[in-house]
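Two complexes, one shared chain (subunit A), two partners (subunit B, subunit C).
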Partner chain A sequence: MSKEVIMKLKKETMSELVKNEAGRWVPVEVNGQTQIPFKGVAAYKPRGKKFGPAVSSCADYPADGNKQVDSLRTALVKAGLRDGLCISTHHHFRNGDLLANQIFDIAKELGVKDLVWFPSASFPCHEHLIPYLEDGTIHHIEGSMNGPLGRFASEGKMKGVGILRSHGGRYQAVQDGEVKIDIAVIGAACADSFGNANGLYGSSATGLLGFALADSQYAEKVIVVTDNRVPFPCVPWQIQGNYVDFTVQVDKLGDPEKIISGTTRITKSPDRLYMAELTARFCEAAGIIKDGFSFQTGAGGTSLAVSEYFREIMQEKGIKARFARGGSNKYLVSMLEEGLIDYILDGQTFDLEGVRSMSENPSHVWTSPFTSYNYHGKGNFAGMVDVVILGATEIDLNFNANVVTHSDGYLLHGIGGWQNCLFSKTVILPVPLFRDRIPVIVDEVTTLCGPGELIDVVVTERGIAINPLRKDLLDAVKNSGLPVKTIQELKEMADQICGVPEKPVFDDQIIALVKWVDGTVLDVVRKVGEKP
Partner chain B sequence: MSKEVIMKLKKETMSELVKNEAGRWVPVEVNGQTQIPFKGVAAYKPRGKKFGPAVSSCADYPADGNKQVDSLRTALVKAGLRDGLCISTHHHFRNGDLLANQIFDIAKELGVKDLVWFPSASFPCHEHLIPYLEDGTIHHIEGSMNGPLGRFASEGKMKGVGILRSHGGRYQAVQDGEVKIDIAVIGAACADSFGNANGLYGSSATGLLGFALADSQYAEKVIVVTDNRVPFPCVPWQIQGNYVDFTVQVDKLGDPEKIISGTTRITKSPDRLYMAELTARFCEAAGIIKDGFSFQTGAGGTSLAVSEYFREIMQEKGIKARFARGGSNKYLVSMLEEGLIDYILDGQTFDLEGVRSMSENPSHVWTSPFTSYNYHGKGNFAGMVDVVILGATEIDLNFNANVVTHSDGYLLHGIGGWQNCLFSKTVILPVPLFRDRIPVIVDEVTTLCGPGELIDVVVTERGIAINPLRKDLLDAVKNSGLPVKTIQELKEMADQICGVPEKPVFDDQIIALVKWVDGTVLDVVRKVGEKP
Partner chain C sequence: MGNTASAGNSGPKIRSDCRISLELTASGGMEINLSSKVISMYGNSIRQLVEDMLDYFGIKNVRVNLDDKGALPFVLMARLEAAVKQLVKTERVFLPEEKNNHQEPSSPDRFRFTRLYLPGNSPALMLNAGIHQPDGLILDLEDSVAQDKKYEARYLVRNALRSLDFMGAEKMVRINQLPGGLKDLEHIVPYGVDLILIPKCEGPEQVLAVEKEIKRIRKDARILLMPIIESALGIERAFDVAVASQDVVAMTIGLEDYTADLGVKRTPGAKESFYARSRLVNACKAAGIQAIDSVFSDVADMDGLKNAVQASRSLGFDGMGCIHPRQIKYIKEGFLPDKDEMEKAKKIIMAYEDAQKSGLGVVSLGTKMIDAPVVKRAERIIKLALGQGLLPKDWRNEQGSHHEA
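== the complex of A and B ==
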């Protein structure tokens, strides 16, 4: 493309962009839908009514409650699968999902075009769908694109623009009617023919099904697919059959080894263990670890190590946590069983111990993006958590953070519950100073996912930076002997070791939006360009 | 009133009435709202969208999740209590409720007028509200009026027209936006300051809170009141705090002895025991009691006896039920614990054993009017129950039944889940042939609550009448030796004993509507007139 053409395109594109409150240029319309620019962390006030799908009547459903049809294809056809519909799936099967690909295989066979795929997340196993993105079976993906699909989008090859939302933002978008789901397909490890379903029992056990909750409540048509049908009633019903139109039995929903780890493992890297230790020591020094406190660590190797350090401190001091937020894993479960935690409030189970505990222990409670993360509710659980430990691909000098793109500009991760967790009372990001000789702390994040005002502490193997907005934390750890630095100091250390990294080159084409928790547009992701 | 005036009034009133599919004259408008006449049991097809209350934002709720205010009065004022609003309550406290009266005491103090009270049921303890119905604080009651309030309405003294709905019909009306709840006040035996609540623990324990589910989901403002506040999280959350605006702590919500029986008791009347035995023998002969079957009996003395006869038959034959529907009681709980029932699917607990079992046993499952009874869902549980045992105040020769008025014309009972249960595969009404020398089987029911086509069997102490529509049942028990009669024969027996009873006299004034499960108007209740 000539420079003139690019400039012309740039001008045309820019004319549709506005600068949002975070200083990012964002479009006012995408995929034919009006978009609201980010107004500030808590500034946008919604005005509408919650979405209402069509009222149903029992007169249109089998009197004996048996909604079983012979195949997924039949269910999709009966649900009215046709051009342009929005089809939702959930990601509890993670990279072991065998269901989503089948839906679009069927759509392709039926010659259906321009579908919107609305997964709660997509994984490398969904690379299978790239031909359907190319041939127009799928118009675009609204949902996180982990790995190959993200790379495909970053190359500018997706017809529509991807929309990235947090778990809570996804619930919000469905509840508020921003995304109208035509057909929800919900895979469940255990279900009855009425459609009551859970993720607790069976070879495709996922623990829970919360990521499909909004889909069941708000989609026009709901299909429950199981490889483990039980007689009515399937108890507990994490998904209520009263929302379900059709049920389908299949041989195999997922690949158990890829759904869930048989075992989760703590990092063995000395640097990461040190970061974890620093994080825990920081929490102790800041007075966060006290009787009745609450925490969310996550399931990465470093996070698991943080939990273990928490355990040591709690045991030593005789402290009990009121609750921990999952993703659950065997470490958290053992803390629950030892009585160090009163409750696990869980959003997803990361290993088999998590599944077992949830199925046995009433204090291991399943939650949903509605209870935990929906910003357009009357409060949610995220704000009540004392401390949350999260990751990031990049953090900038204003504590803004990125979780979706790498420093090379490629979109390779989803947002997950990350944005939602930023509302915790203290947000700590333990990150290495650099990865593959690319500094993590940068002048300005490639993609803005989390406004710096919500990010309190950055812990690296070379020191801890505290957001100047948190004077209370700065004061609390003043005499703790912890290696507190400014974020500028941390950046300089990284730059000295790695040199100043090359910046990625972008085309103007917007390939994805990053939504804030309230549905406004926080930032865009652009097509990665060729280096000159 | 002169005869001329009465005739004129009759004409004026009649001009607004239409004859519905059940042959009853019903008004097309009541309380300023358009009404749809009953179209047939499953004939009316809803066309709208589910109601959506206003979208909220976490920005408007306390960041730490603490929604506690200092009093119910403060909560009501903050919720915007003013003239003409619709205030909802639930009836899990039954005749021990100390909360509903307080709401209207506050309304009276504040000088608020013309409120609509939308309880899931009202009880004799709410007689306290009669002065507020008289002075215009409350305009009318939408909900069942057990006892004194029903009598008050029957005397033509309520300003508006009462609307009687089944439990499922109440959920349907709220979901469909027929009733828009402005403020829901939910009393909970156990709750946290965020609003998560259950009925399981505490001195006002009610077991569950399902009757308040629709209120929490669809009301514009929701207040949770508890006398047993626990630290977040209150687990399990039968009511989700994410729907709640304000929480209030009080000393005492209910009078435990009147909320729940310490003990439920089987009838000792020989006639009723015989009816119960006949009912059970009928079910056995008809092949209903078989492995994996399901039943709902209820908590009346006769119903409890039916359960006990079921137990004997099941033990004898080595039969296990897949599930029983509650109202639960100690008899049902013991069957669950003995392994005679896989699950109790419970809508309300009638005694302390029910509460205990529900709090301990994951197979004792709490349900709601949504899962069990909502006719405007994608199916519900009621249709899946093999046999249900219900009562009636009157049954006519077409098997139509009445549960709300007595033969003297007074409105003294609510519909409860009765209409919803009529969708069970077999509906049996064990009723005495007469009560206080008033025959139960009549030419035409005073008030039509259940169309005869849904009522399969009437069991009396003098014989069993099977609806001619159920040829299968007639055939099944042909050679059983059971005393099968026609319903005409039963009526003749009663008339011979009691003589033909005096008919009640009614004024034209319509004092209440009886809704069908789909929101259409099945019948009206009129003011009881003076006998000439």
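== the complex of A and C ==
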């Protein structure tokens, strides 16, 4: 670790700063917890044992297995809801989630203060919680802060410091005891009164419950809430009732319209389609698309289009993929059903076709952040994927990328599985060179979320930049006729078109940490300041 | 002239554009009210630009309201100039940096399979149009611009000609119908336009009027012309139009207006325009220029488009207009020779050259006699294939190996 230390004006939650291995100044203590600065991509080795919650005894649970209580409020009270606890939820209901908001409505009614909310992700629907952040019901959020919550945090209004983690990093933090969950509330589309649960059946179906796995295993108290109670046994039990303290039945867990879209759509933008096509052509030229390969693309419009171009190339060549990692969606499902993919290893289903396929096709397999992403395990799936297609808000001359803040400094997105996917054999980021007037290729990213050494290729509508570390890729596409440029050339083009942007002005106050997949601190997000 | 003026677009769906309103005041200097989605990144440079431009045009006391949706500098400049010129009479122009000087000027016989129409007052659609690699990009001042936006569109098109990266596409502008369209010319002729489309052309006199005005504006300019025939009268006079000027390099047909003129519906089978299209092709070929077909207006119907391209090519057209980037690939593919055609053309040329060498009067390929027009057609196909990189320059050697699988 660098010994260079500077002192900064402190707020209650802040400490001295040190320069980490990525050259970013990060605090050694936040929210009263010691922090380890980032030491390099595979440099930090954890010691010690995994975290373990208290041992339970069947003597304390109903002999007939019926753990049903009359309401969420009762369950929370029985679970010991009080000041300062850490409450976890998961984001399978996405923007249709009603549960997280209800939990904090109850906390507010009970007068509980200083809670830590530990969601696997937040959505615009959670804007509802802003008054609770203002009145101290919630102290801070450890999890993605999207849209309105991110803006709130960026203005320095959250009491504590937010902690941003990847999906894999969230599992790691729970497993390692960095985050001790006091009460986990797991919303499940289907559950029995013992607490066995899945996300497959019912009006709030989400396909799987992988994001709640760590919560069930490591939380002190676990509450399963369902709007579709079935008699024991609820199978498959994606969440095992043996971890569960209380079960609750409610009318409605989520707003199905917003939970899952009936249709995920490929982008119609000709510019984005062109980028997707260029990405697929690159993969073909680089020899990545071969029989038995594997890939992961997100559910964004451009990513979906990339997998459609993959389909065309695979059909043309008469080959198939061994597996695709999801975010599943109707396009991936149709490739599975056409025999172009042997398996979908799914982390979350993005549309109803994904849910259907998972419930009826044994080759459509549900995964969790433990199997796919956890860096403190004995390997994970992310590294086995041949090529992954991701996005970014900014990419810099060293191929470092940002996914959480915009160039104006505001925190607006979570990390999701993005950091974890960087361990794939080839990481490709298709991004426009500029959005409106905002350059995407910049000299230095506002917030560092992914070290450039893990990012291999940047595809823009005006050219493809390959990380010089990947000589093999540079050689492979040398005579392909693809528009290969250097990242400097791309940046100059962006500046030519947009003009060189002014840097955002930041206040000293740190509003969030960006954790690396091993729990070390990669960067900080600061309060957005006023321009003089 | 009044005291207030505005230009540009704003609203929740508008991107890469801005709306500027100016109000001349008696005193108080410049008051700039700026709201911008990129204020933290470009706020200072936008203010500076506005001040510099107002200075340049000698405006000292003014209230400026600028609602910016991420407009690039050349767009901001065009909007501000369009607003200023409604308030101040001046010959001065404020030009963005020329970014297109690296591009080769066009030539009369370059390929024009695909030309993409871009509404001349919609910057968002222009910015990346070049990446789709049409042979030409048409900045349209005519039908795609609303009547009350015609004025400001000229400034945007002018600045786009200088600043937009055409990525090798021919820089085309469709002016307004004459005589109004003649006024468009001073905004485009000095600024790097390669080719001007003359809409609703009905006779050589219109071509000559455009040519004369171009020469008046810029003596040394060689700007190519493409008349658009859109009426029954125009069709009857197509050949005269085609030979009206040396600068007419292609002619095209606008079927929406043509069918309206005939009083018939435009149908997918296009029977109603068969005569007009054939006549246009014939006039073009007689004049030695390219014949370009009308646009296919259903952007979602790719199968329909493919059929239309086939029909168009078989009538003798050399290209087609595009109204959406998605159409470019299909149209280009349709107009390019396929493998069989290229193979056949190669064999014909080789046989012809062999016969020439050995002094044979009669050329034959297998049992078939080859006459001059067949050779001519084959040469055309080879030229096309070479021009598009479908054949290597030394294709004769490749052919020499003959026994490829």
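Heads up, the rule we're going with is that the second predicted complex is superposed on the first by the 518 of 532 C-alpha atoms of A that agree within 3 Å, B and C clash if a C-alpha of one lies under 4 Å from a C-alpha of the other, contacts with A are read in each partner's own complex, and residues count from 1 in each chain.
Criterion: a contact is a pair of C-beta atoms (placed from the backbone, for glycine too) under 8 Å apart; a residue touches a chain by one contact, two chains touch by 3 or more.
Since the structure is predicted, the reported quantities are computational estimates derived from the model, not experimental observations.
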> Does subunit B (first) or subunit C (second) touch A:Arg229, or do both, or does neither?
Replying inline: neither
>> A:Asn380 in the overlay: touching subunit B, subunit C, both, or neither? Say first, second, both or neither.
In response: first
> If you stack the two complexes on chain A, which partner ends up touching A:Lys491: first (subunit B), second (subunit C), both, or neither?
Replying inline: neither
>> Between subunit B and subunit C, whom does A:His139 touch in the aligned arrangement: first, second, both, or neither?
In response: neither
>> Looking at A:Arg462 after the superposition, I want to know if it touches subunit B, subunit C, both of them or none. Which is it: first, second, both, neither?
In response: second
> Which partner reaches more residues of subunit A, subunit B or subunit C?
Replying inline: B
>> Between subunit B and subunit C, whom does A:Arg73 touch in the aligned arrangement: first, second, both, or neither?
In response: neither
> Just subunit B (first), just subunit C (second), both, or neither: which does A:His91 touch?
Replying inline: neither
> Which part of subunit B faces subunit A closely enough to touch in the complex?
Replying inline: 42-65, 67, 175-177, 194-195, 222, 231-233, 235-237, 240-245, 292, 322-323, 343, 345, 362-363, 365, 370-371, 374-381, 383-384, 423, 425, 518
> Which subunit A residues qualify as touching subunit C in the complex?
Replying inline: 270-271, 273-274, 407-409, 432, 435-438, 461-462, 496-499, 501-502, 504-505, 531
> Any idea which subunit C residues touch subunit A in the complex?
Replying inline: 15-16, 37-38, 40-45, 69-73, 99, 127-128, 131-132, 165, 324-326
